[in-house]
Amino acid sequence: MDERRGKTPPKRSSRGRRSVSQSSTDSYSSASYSGSSSEEDDVSPREKHQTNAKGFSDFCVKNIRQAAFGRREIEIAEQEMPGLMALRKRASGDKPLQGAKIAGCTHLTAQAAVLIETLVACGASVRWCACNIYSTQNEVAAALAEAGYPIFAWRGETEDDFWWCIEKSISNEGWQPNMILDDGGDLTHVMFKKHPHMFGMIKGIVEESVTGVHRLYQLSKSGKLTVPAMNVNDSVTKQKFDNLYSCRESVLDALKRTTDIMFGGKHVVVCGYGEVGKGCCSALRGLGAIVCVTEIDPICALQASMEGFKVVTLNEVIRQVDVVITASGNKNVVTRDHLDRMKTGCVVCNMGHSNTEIDVDSLRTPELTWEKVRSQVDHVLWPDGKRIILLAEGRLVNLSCSSVPSFVVSITAATQALALIELFNAPAGRYKQDVYLLPKKMDEYVASLHLPAFDAHLTELSDEQARYLGIGKAGPFKPNYYRY
Amino acid sequence: MDERRGKTPPKRSSRGRRSVSQSSTDSYSSASYSGSSSEEDDVSPREKHQTNAKGFSDFCVKNIRQAAFGRREIEIAEQEMPGLMALRKRASGDKPLQGAKIAGCTHLTAQAAVLIETLVACGASVRWCACNIYSTQNEVAAALAEAGYPIFAWRGETEDDFWWCIEKSISNEGWQPNMILDDGGDLTHVMFKKHPHMFGMIKGIVEESVTGVHRLYQLSKSGKLTVPAMNVNDSVTKQKFDNLYSCRESVLDALKRTTDIMFGGKHVVVCGYGEVGKGCCSALRGLGAIVCVTEIDPICALQASMEGFKVVTLNEVIRQVDVVITASGNKNVVTRDHLDRMKTGCVVCNMGHSNTEIDVDSLRTPELTWEKVRSQVDHVLWPDGKRIILLAEGRLVNLSCSSVPSFVVSITAATQALALIELFNAPAGRYKQDVYLLPKKMDEYVASLHLPAFDAHLTELSDEQARYLGIGKAGPFKPNYYRY
Amino acid sequence: MDERRGKTPPKRSSRGRRSVSQSSTDSYSSASYSGSSSEEDDVSPREKHQTNAKGFSDFCVKNIRQAAFGRREIEIAEQEMPGLMALRKRASGDKPLQGAKIAGCTHLTAQAAVLIETLVACGASVRWCACNIYSTQNEVAAALAEAGYPIFAWRGETEDDFWWCIEKSISNEGWQPNMILDDGGDLTHVMFKKHPHMFGMIKGIVEESVTGVHRLYQLSKSGKLTVPAMNVNDSVTKQKFDNLYSCRESVLDALKRTTDIMFGGKHVVVCGYGEVGKGCCSALRGLGAIVCVTEIDPICALQASMEGFKVVTLNEVIRQVDVVITASGNKNVVTRDHLDRMKTGCVVCNMGHSNTEIDVDSLRTPELTWEKVRSQVDHVLWPDGKRIILLAEGRLVNLSCSSVPSFVVSITAATQALALIELFNAPAGRYKQDVYLLPKKMDEYVASLHLPAFDAHLTELSDEQARYLGIGKAGPFKPNYYRY
Amino acid sequence: MDERRGKTPPKRSSRGRRSVSQSSTDSYSSASYSGSSSEEDDVSPREKHQTNAKGFSDFCVKNIRQAAFGRREIEIAEQEMPGLMALRKRASGDKPLQGAKIAGCTHLTAQAAVLIETLVACGASVRWCACNIYSTQNEVAAALAEAGYPIFAWRGETEDDFWWCIEKSISNEGWQPNMILDDGGDLTHVMFKKHPHMFGMIKGIVEESVTGVHRLYQLSKSGKLTVPAMNVNDSVTKQKFDNLYSCRESVLDALKRTTDIMFGGKHVVVCGYGEVGKGCCSALRGLGAIVCVTEIDPICALQASMEGFKVVTLNEVIRQVDVVITASGNKNVVTRDHLDRMKTGCVVCNMGHSNTEIDVDSLRTPELTWEKVRSQVDHVLWPDGKRIILLAEGRLVNLSCSSVPSFVVSITAATQALALIELFNAPAGRYKQDVYLLPKKMDEYVASLHLPAFDAHLTELSDEQARYLGIGKAGPFKPNYYRY
């Protein structure tokens, strides 16, 4: 549900034509890193004929027989996704998505399944595919198919499979989608390009990723966006919770599972002090690491300084550090030159939004030897015996090698669901053919859905206080530009 | 330079007519809390005739002979205000404020003096008064007068003095101001009401406080704002640095100087988890206090929860806590009912933006006895012997009882200076008759001026990286809605 | 190498006769938790005939062909064990253990292999077995056998196997051990009981575990200890590093790998605030958990209070907490009654020194259903649907479900090696037939061996300073009772 | 009550003859630093004749009329000294010091007054003097005199006064002390040398300071100690609470009150990582400082490393740091050479146990200019304009410039009271003519007295658990060598 979770394209970049989805090729392992590759049969799902217990067969997954295991994973996720579950409960009466026909394209994980089943509980019907060829949890896809949803996704799709699955989610006999939930913009793009008539019938698009949002703004600028869209990526719930806390929670875990490294006293450099970098730095310091930071933006650099993280250039510290973590959203932040100067045993990994931050390709040269020591762990050996420990080949290490807490994902997923409800039910004219941020009141609502999990008790304003502040007692409580 | 520093009016509130400046009556002690009141002679400065060493007499301060001491205070402040000093150095050549005539109204502290002398170094001429009747450092005002600036300010002005000083800063023979630097909006208001012709000649207003900004937006809405204004209060440098870090730095200090309290293991409730509350919570936890939080806004409440601060209502915890700190910007957050239920020895104080948060008036009843035990420390005694320790009578405890680091003030002051430069030099048409936020590039510039103090080294983008990110190599580095 | 790592017996307890080693039955998974059980062939190693590449066959391991994989694990461990490697280097010249014949009984892990090969590099010859039937890393045992060491250990030994392996390490034709390195006291006990003549030839015993040390003190009290022994368990390097930091480093990891739990805002109760509890509390707070503590000892309780951890009884909080962690070294700290009152979803695990802290047996009753959801993770279901998540069936969760950093183990292992060197080389009369703590100077030496890993630079005393302090320039720097 | 609080002599050093008490000359300001010197009349108290309201005149204080103010200070201290107050309550019935005649010599502060009145409540009679010529709170001494206690102490005693006061506390007509409570050993020394017969009647000595304990051990070694003595300095309550937490609580405060420094991002070097250094480092990091450490002891250095404080030599970092804090207990840790290389604006201060750590004398040379900018704050100017900020002329900055929390002092004071009770009531033969540490059970009792202040709830052992652990249900809970 997160651009950082397995998507490559840059922020605000303009790039050339691409015939296939670049984002779909970024590898993505299962939610729960096991350290070993699961072996599965080699027959393509598209060549299999599978039916669920009720004889339903409008789906394409790896193995429908894994459904029971997938269902348990979904149930476990449900317990950590209080926002969606509360929404499901509240919406089960008035069915705010009754009549909605959603074409969905997201990472297909247990958490996504909780979202999908929440949308259905709200009255929607869905068709769904994966936004990434590596990220599907096959057993979860099976569980959804077993429950009777048209799911088209498996781990290890080919490029051709990828587009086929998207196509299956868009068009089917007797199915005219009226809403899109997208992560990366590929489904939107396909419908826009290949099914313009269908696209004209859409009431609203909800997009989560940096890339997808970028594409929507491009469409909007060029006057081609004929439908209102919600930019979920930049909502406060995504930026200040999903990005910050999912990284704070997962960075230690990803490093431990792969390297069993000790953190106490380790010198770590984190490249980038945005939300992702902030989360990493906080977690690492909590276990006694000595953390420094690189930044291009003086404001973020000043924040790092005030928090006691020394701001350095990578060149200054590269010879001394024990761990290098990229979290910049940029490309070639760690170059071959840096890699050449690291000390032996240095661990290199990426927490940023794509696999471009570390110039991994530069390591694929004859004089260097690669040793795969564990799943997702490569030792790269220099001729003089130096050994660099590269994790997940530079892809997102927390997604590749650890898990992301369902609770944090729940915050973003609830935001997506509310965005769908808002667009689907908005009176004519409230939203034009443009890209919108979710109204603050809905951000606040999403947050409120997650407070009971902490047994957190909000204070209510008195009438007098509300008057004094000049706001409503039920919010919104802050101006739109408030930074949190 | 901060609304929180001694101003009462609420955010976004609408209140009735007020004949005198309410904000000007909020007490404010010196930057450096001494615990004892300095005794000075009782003659009103307006009745004295004073001249500086060069025979200059266009000023009105408490005692020109304190100038040397004030000069040392200014010099000490200069060392902690690298942003202003860098600006002074860079601007001394091209004099970007040559021709600017600034009417200024701010707290008149050593830090303000550094700002004033920086503006002069940039080519401006100034007339200056205080925005608060208690906050002037008399020795600093003397030092400025000695240096030849028309300063009209002393600690303990009467209401009449207050308006007289403003008037002296606005109008003088042969002086037509063309810029306003205001904190609270009183000078702006006077010029607007009493000197409309003069007001018509103003090129720009820079306003720092919540209240002043609120007034400007009101003017703008009603179509009466005839000049562009900069809202410095909501710039990232103010919100994310001045508010957050000046509170993190001063809350412990204020409590220690007044109560000698031990923090380890103390139960503290912080009312409000905005930037001020975040700063307080972080500092208190750093010394081993057990901190909980009250909030009205579910998003801030969720942030507190994720950071491990339990979100409670004040009613739940009021009987158990050792310290109550208000930081909400709201009124009557701590009521007499709460005060009645606190345990004996409980410390109550306010870090928020005005003196309305604790209902101190409710304690002025016959059955309660007040004992002044130190400067700014009252023990309020209940009939049963219960003793509540009230700090600064509910005014801002960090300003009343400790000091605020010059460095943090420097960030805001540099923002004010740049806002003046920008408005003064902007080509016609760039700014309309409206209220603006400082362009992000200037926020970034302000931040960059403060990095050398930390020996922080920024990383520069390569051309390729800038292209990839779709931004300029020199910034701005983030979209306007970025939250930091 | 740590009592806490897989041994059951209590501290200072007196228990009845035990015919088999109770400690040997505590389950212990591999250093690196994989979440899946590895399947191996079922033939007992004792029935196999294996030889290494050089034809050597005086060993008994699971599968000699795993040697290459084990060797790599040893090499990885070597990089994180600078103390042992430095010792190996320094001792390779003067061979301080030349002539030593060591009978060893420890957990047989990669870290133990580094210790064993260090002892050999110091001139010793060894025979070795495992002190726990579950803890052997088979591939490491294979690597050691391949290198020509007589190793008798595999994961999943029967009780009979266990004693057979010990016997093989003690007696062999032409082999008279003169030193013992023990963890738990089983090898010592067997030699003392069954080979009294051999025992009479021993020059010294080095014992690491709480239990083994307890047994030695018992022997000493009853006048039966005929040989000097070193108590490594209570050395500062063990207590203040191994116990504290190995837990700080592993508690988050163990919980994440098994439950993917989010820590931010979670309510956790840690039972016991000794070194283990201190490590857990520090790590959990670092990620935003709200941590409270139970204690029986008022001094430790006061420490917890000063650090901001609320000291409670388990009864007070059991209905609210999300996670219960035992770290007390006591038994039945979490009872069925507590388990009955936990809320659904509560996670229960043990970081203490044995599997007695949680009364797991009380959960094996007909009305409760156990579901194994992952390796080492059981869901226990109450009739009303309540679900408790029990980790590692109450055994040490960090050892069962995560890894312990080699670096911390290195500190204890270097202490063991130095203790052997000291006892082996001590002039007659320095040590009597008693139990000793390692001389402080050696503790300091062990610490100094680990400083280069942090690039830490010690300051040297001047002559004048040493005189002033009344200590030698090379230490020892503190009195024996110093607490660190 | 703390060696660190104003005493010069080194640990374990042997120094030559000294005719006057060196420790008595170390300056010591009032508990609550005001930044200004209070002016008092110049008549020596010895020349005044004063009587209290009841006509009692067996005392010598500055001004008996300050008694009311002193009484309030004592009452405030009582509220933060729960251990002593609980002891007072419990002991008021059985009067465990009935018949005790205590000659006391300590810092004479509000906290000491609470101790003295507790001893009296336990049945003791007392005579009291100050152990330091600067540390007496005159108003507190007045309050005690007003209450009828023979007190001989004032701030600013001459050396002659100092010895006269001690003499007055020892000998008076009809007064034969039988217990000594000493801090520094001066009273003990005088009685031993000048009143050997009286000394022979003493039942026990309780000594708190490093120096005094050192002297007792010397006496004991040379066979001259004819009475049992308790070493309170090395009890766990002193080392792990008073030293650690009083420094953690006071270091920020002392720096803020004197320099108004901002901590965020400041580079600080702390010389020494014992309990004092640990407390400083923890507090500084809590506010965002970047802290490094110097150490001579590899064990403490390894602790610092694991906690994420880089261990450096002072020479490496001296040119870069913003603040230097000594906490080593050593001499000349900061030399003129270091001072010459510091950057301008560097703050230098001492938190260690005496004023020897910074070579302040080396700064009193003609080429350097001293400017006193505030009380306890000197700017030392180099010929090139460099300015070093020296606090309290190298004396203990937390005692000179801030306050120490009464709560922490209460822990040590309660230990002193219990040590007196133990020695006074011990059956013949329990204590020989030697120096003892307080029995662990009493340490635990002292701790337990302070838990209610935190509303901390201890867990009780069941019979079964106590048996399992092999300890009594009421403790002691740990072996003597336990480090906490």
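Observations on the model:
Chains here go by letter, A, B, C and D, matching the order in which they are written, and residues are numbered from 1 within each.
Throughout what follows, contacts are C-beta pairs under 8 Å (C-beta built on N, C-alpha and C of every residue); 3 or more make two chains touch, one makes a residue touch a chain.
The structure presented is a predicted model; accordingly, all values stated were derived computationally and were not measured.
Taking each chain's centre as the mean of its C-alpha atoms, the one that lies farthest from the centre of subunit A is D. At the interface between subunit A and subunit C, two copies of one sequence, more than half of the residue numbers in use are shared by both copies. As a whole-number value, the distance joining the C-alpha centres of subunit B and subunit C reads 57 Å. Inter-chain centre distance (subunit A to subunit B, centres taken as mean C-alpha positions): 40 Å.
In subunit A, the residues touching two or more other chains are 245, 264-265, 285, 288, 305-306, 310, 454-455.
Those residues of subunit A that touch subunit C in the complex are listed here as 31-32, 34-36, 72, 76, 79-80, 245, 248-249, 252-253, 256-257, 260-265, 267, 283, 285-288, 320, 345, 373, 402-403, 405-408, 453-455.
Of all residues in subunit A, those touching subunit B in their complex are 10-14, 234, 236-237, 239-241, 245, 294-306, 310-314, 316, 329-333, 356, 411, 437, 443-445, 447-448, 450-451, 454-462, 464-465, 467-471, 475, 477-479, 481, 483-484.
Of all residues in subunit B, those touching subunit C in their complex are 264-265, 285, 288-290, 305-308, 310.
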